[in-house]
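Chain IDs A, B, C and D follow the sequence of writing; residue 1 opens each chain.
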Amino acid sequence: GGSSAEDEPATTTVPTTEAAGATGSETTEPVAAPLRVAIVAPSAKDDLAFTQSMVDAVNALDRDIELSITDGTFVIEDAAAAIRGYAEDGNDVVIAHGTQFGASLIEIAPDFPDVTFLWGTATDTQGLDNVFAYSPAADEGGYVNGIVAAGISESGIIGVVGPLEAGDAVAYIKGFETGALDGGAKSVNITYTGSFGDVALAAEAAQAHLVNGVDVLTGSAQMVVGAVGVASQNDIPWFGTQANQTSLAPDLVVASQVYHWEVILEEMLSLRDAGVLGGQAFEINLANGGLVIEFNPGYDLPEGVRAAADAAIQGIIGGTIDTGF
Amino acid sequence: MSDFFTLTVLVAVVGSGVRLATPYLLAGLGETVGQKSGVLNLGIDGVMQLSAFSAYFVVLKTDNLMLGVLAGLAVGAVMGVFYGVITIVFKATQGISGIGIFIFGLGFSDLLFQRLVGTPKPIRQLPTIEIPFLSELPVVGEALFQHNPLTYVAFILVPVTILFLGKTTFGLNIRAVGENPHAADSLGVSVERTRYVAILIGNTMAGLAGVALVLELGIFQPNLTQGLGFIAVALVYFGSWRPSHVMAGALLYGLVNATVLQLKARNIIPLSFSELAAMAPAVLTIVALVILAQRVKGPAALTKPFIRH
Amino acid sequence: MGTSNTTKVLLEMRGITKRFPGVIANEDVDFDVRNGEVHTLLGENGAGKSTLMKIVFGLYQADEGEVLLRGEPIDIRSPSEAIAARIGMVHQHFMLVPPLTVAENVALGLSSSRRPFTDLAKVSTRISEISDAHGLAVDPSTEVWRLSVGERQRVEIIKALYRDAELLVLDEPTAVLTPQEVDDLFVILRRMVDDGRGLIFISHKLHEVMALSDRITVLRDGRVAGSTTPAEATRESLARMMVGREVRLTPHKGKVTVGDARLSIRNLTVIGDRGTPAVKNLSLDVLGGEILGIAGVSGNGQREFAEAVAGLRHTEPGGTITMDGADITTSSTRVRRNLGLAYVPEERMRDGVVAEFSVSENLVLVNHGSKEFTKRGLLATGAIRRRSTEMVKQFAVKTPTIDTPIASLSGGNIQKVVMARELSASPGVLLACQPTRGVDIGSAEYIHSRLIEQRERGAATLVVSEDLDEILGLADRIAVMYEGEIVAIIDSADAKREEIGLLMAGVLET
Amino acid sequence: MLSKIVGSAVPVLAALAAFLVGAVMLLVLGASPLDGLKAILDGAFGSGERLAATAVKATPLILVGAGISIAFRARVINIGGEGQIIAGALLATVVALALPDLPSVVLIPLVLMGGAIGGTILGAIPGVLKAYASVNEILSTIMLNLVMVQFMNFLLRGPLIDPLEIAAGTRIPQTQRLSDNAALPTLVEGTRLHLGVVVAVVAAVIAYIVLWRMPLGFRLRAVGHSPEAARAAGINVERNITYALAISGMLGGLAGAILVFGSEGQRMITDGSAAGFTGAAGFNGIVAALFGGLHPLWTIPSAFLFGALLTGATQLQRVLQIPAALAVALNGLVVIFVISSARFRSYIQSIIEKRPSNRASEDLERPYSKIPGVDT
């Protein structure tokens, strides 16, 4: 009975299903059966960052989709179990939304040749023909953010708070650094706190930047909420990435690089409809509209800076700008 | 760079160290009181998370910091009541039941957050209060006297705890009950009641530590404490059950952390050595303890349930 | 003895029964104390003396029977109610908090006039007054762990007097005291009784009982075996009443020829826990076939000396310990034991046995790893059980089974287990500390006879004891220890009680 | 006999009570407890494959739990399981990286040994610090956990990182795929059940033998109950304390190696936190050991139970969309309830057996004093 799902308070925007209860309906039915998609993600589905970007993207698709989510599974083995479980449960598409799940995916995917697996962020499919890889060109948005940051910084000193020097964060931060320096910043000070989760440490890292005259901040990964707090307490403009972080500091978030995975999701699903279950790698970037710099209308950005940002976006799309990554 | 600039950095590092030390200090002082009475509580990290969440949630809903603080304190106290029942009434093995509390607090606060909040939303943070006159002192003024109220509370609680344990009748009872509960019992001191109150104090202070953390950050996330409570317990051993030494330990830990962050921010520590530098607080804590070689014995009845015989 | 100018009954217990799971500790016990008298409770280990007294003090509640205080029925449910009823108790094991000062220990549980703070100044003043009035010298500001055993005893009594106890229970207060300290204590106690207080006294030492008591009640297996007075009783009759058979109170020693020195100690200096030398430049030989008794007031370095010999405490450079020719000064305890040292520690519950282990496990605690008890790297359970059963029989240990946790045995039987373990290795050197402290006379008699056997076997036996009677009865030579030094070595044939007492007190120089 | 039955019934009842609380929580979350139970059972035992997953999940818990049993019996509180697992995994990984071409029969024992040695080292450090420098082991093991996480991150991001990650610029902190010769062979085709499960069970049995049948265990227990009496009997207390922590660490390290070479990915990977790699086995192992009464053999079924709870929780989340955090909270409740019932249990048993209740048995954690005490 799916009644329990209806009783839920409307805290989640995700239409949930009881996958186990749906065993009665065979997937052989040609029409009307919604596409069954599952997401396995390391952080919370509403983390205002990486995981939420994918959930929002799936919901944004103009298709009949039944979505299930297993979020907050930072234990890789657990994620592997969930991925396998979703495949067993008869989902059509299983999204392994975490780089670290790749190693498990390589083992699981061959066991379910009819299921399409999406793996991100990753740049190649490891030769598996039912796996699509996807990744963001996070350096591009980083570059644009960097240009803007340099434009509004008075001291010319810009601070960055990162988790580990790894994965997605590196790309964003590297691009940001290049952009900021190209935009005329004197120096970009980067701190990796060593943790994805330690909010207090991220906050103190931001504080440490302030002492050195930093007047603009950015950062990547879920613990940056701590750094955003410091920014908002000290009236320091903030640049977000992965999702629109304006709600964290409505007056101070200048712009966020937002991941619109739906651009490439639609492509992948179309391929699946056409019988291609995988074997290709996709990237969201400024050119294909998967990466969007969302400016906060509540932040009064000088015209010139905004123009520089637009120029940078065009430059990246046009291939005339090297983000340094 | 000019000397002045170095001084500024130093001041900032101290200020940051003091801020970082605050939750450790609050939790550590509370744990000191509990352990002095003979009760080990390894679960304060869980208590901190529950208190932090409730303070966060209340402030999120009411935008009233005072109510948030009260909610955090109340949850700490309630956890104290539970822990008292577990260790005093049921006389459960303390080390392990503490781990149970930790796991419960970790899971339950996460569950509540996911169900009741979901997307992290910022809340009002504690204001910085500049102490008149003192905050204007050169150097120390900015480092020590421009903090949020709970930081002051934490440091004021150091002499208060010393006085409480050392000079009050109830403090005497706590010390006696932690060393030789049978002696205290034979003089009509209720071991159970004394330990209960000590546990209540300890958990409430752990709750306050969680509140201090979340209201300093202005945001909550699952596993917000990242094992902070365990370090606070470790600092009690580091400080050999003396509040002033626990404070020294918390400050050492906070200052080393702040120094490392500052060195990172100034690109003095190469990025590739980030993690090695991040080990510094833990390593230094152990090394300091080995070098200081304090052979102070803990409360003799620590972790021993009291059973008349 | 100055008996009753007053005959008021202070405390009366009628038909008291107290059961523990599996044990009846007290059964239908009648007992009373009058103002101005010392009523002694006597009985073997486990006879139920402490249990009866804990009922008086509110630590236990009787299952049956009633208690009357000053003629009124009273239900004492906790120590605080007992204290409020002016009952004080000095427990068998000290009820002190070592890191706290004397004043803090006394102030514990009292309400303060300076709430919420303690009024230690006031307490200290009162302590000094009580000290002066009763001759209980002690410094209120010293931490208790610094005090000697005798001083701690005084603190216990001060605690009771401070609370103005009219009825004072003393559960084996003399077990750890020296003869001089016992004499001093008795003077104090007598003075208290003359003030009109009532005293309940428990001891295993019959001469003390004879010296102090007005009346004596003997418990056996939880029941009253009889009541008497010192005038009507003899030590032998008391022993018979307790044990239910004839007991030999002075050990019988045969003649043996002594051999060479098996344990030689030269210039031994040992630092005590307080950081100062507890044993100073001590030299001593113990010969095969002799029992050398070390007499001394507690706290004069005997414990440190014994621990140094056993390898449990570092010695200062310059000193040497030799056993059968081998230098063992820096050897581990295990090496010493392998060379033939046996050690009966003074605190048997802490150092002698692993309380949670079974009788059998405790019997093989030292040599569980030996060839006899291991087979292909594993413990040979069968061999261990066989040997344990044998030892239990041989040493007449009263225990339900060899698998019984040793903590549930009586003190005397625990000591027998320790003796069985230590003696079964046929040691060349036996170091026995306080071998019969707190042990009832039946068991003490037995332990003494086994010690004498060692002497006949040719072992060098070192007995450290604060019980002068024990030393006088056992030893061939007596070394008196005072302030970390051996001040005299006396042949026991020539030994005089008084002389040794004076040597122990440091009054007499040799 | 009766007392034995009642004795084992009490903790089971306590665990059931905890689950009852869990059921109430489910109700509050708007899910039917029956559906929840079904999901958990189905997730944990629903198929051979899931059963295997449960066993795999239980594997590190068995090992850590057996080690905890040994440590706690010697009265040392080892909270360093997380760090010890990581240390073992790292050393095992290094072995596999260094000698990738050795045949399986040689390489598998070698990586397991590497894991054991890594864990031993990390256990021995707090052991030596406690025994010879009086550094409290709670403090040092907690601190070493923090150190090892960062060390793991450092190695996996630097010296040990998969060269492909550098080349591709993705820089995921993980090693390259490790030699297949080191992969723990699968026992049942089509499931994840691998040799590591057997290794863990055998290790627990050996731990039992060591603890109860060998002189070493006898000494460890003696030191745990009474360091003073042990010392007076000639047992080297300091050394045995070191042994206890080292052995405990060794089993944790073995678990680390098994986590790497029994994983589907066949590589070591970090998400920056300890639990991301260990799955919090360093803590959950304590729970399993406790539930098993600090007895290495009972730790096996107990670890299996908690393994089931953990695997079942993923199903709970997948099917009912109940956050896995519920299972974590439930885990904590089980610990609390079971440990609270322990006294009740010995009390009931003592009544049945008509014997004095064992006063000392609860006293597992008495602080150990190096210096022979001054006072009574």
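Note that contacts are C-beta pairs under 8 Å (C-beta built on N, C-alpha and C of every residue); 3 or more make two chains touch, one makes a residue touch a chain.
Small disclaimer: the values here were computed from a predicted structure and weren't measured.
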Which chain pair shares more contacting C-beta pairs: B-D, or A-D?
-> B-D
Once you find the CA centre of subunit B and the CA centre of subunit D, what distance in Å lies between them?
-> 27
Distance in whole angstrom between the CA centres of subunit A and subunit B is 35
Centre-of-Cα separation between subunit C and subunit B, whole angstrom | 45
Which residues belonging to subunit D are in contact with no fewer than two other chains?
-> 150, 153, 157, 323, 325, 359, 363, 371
Multi-chain contacts in subunit A: which residues touch at least two other chains?
-> 12, 72, 164-165, 194-195, 197
Would you please write down the residue numbers of subunit B that are in contact with two or more other chains?
-> 110, 114-115, 222, 272, 274-275, 278, 300
Chain touch graph shape: choose line, ring, star, complete or other and state it.
-> other
Which residues of subunit D touch subunit A in the complex?
-> 30-32, 35, 39, 42-43, 49, 53, 56-57, 150, 153, 157, 168-174, 177, 259, 263-267, 269-273, 275-277, 279-280, 310-311, 314-315, 317-321, 323-325
In the complex, the residues of subunit C that touch subunit B are 57, 59-60, 78-83, 89, 91, 93-100, 104-105, 107-109, 111-112, 115-118, 159
Write out the stretch or stretches of subunit B touching subunit D in their complex.
-> 40, 42, 46, 82, 85-86, 90-97, 99-108, 110-111, 114-115, 222, 227, 230-231, 233-234, 237-238, 272-276, 278-279, 281-283, 285-286, 289-290, 293-295, 297-298, 300, 302-305, 307, 309
Residue ranges of subunit A in contact with subunit B within the complex | 11-12, 44-48, 52, 72, 159, 164-165, 189-195, 197-201, 203-205, 207-212, 214, 222-223, 225-226, 228-229, 232-233, 247-249
Footprint of subunit C on subunit B - complex, ascending = 167-170, 172-173, 175-176, 179-180, 182-190, 300, 308
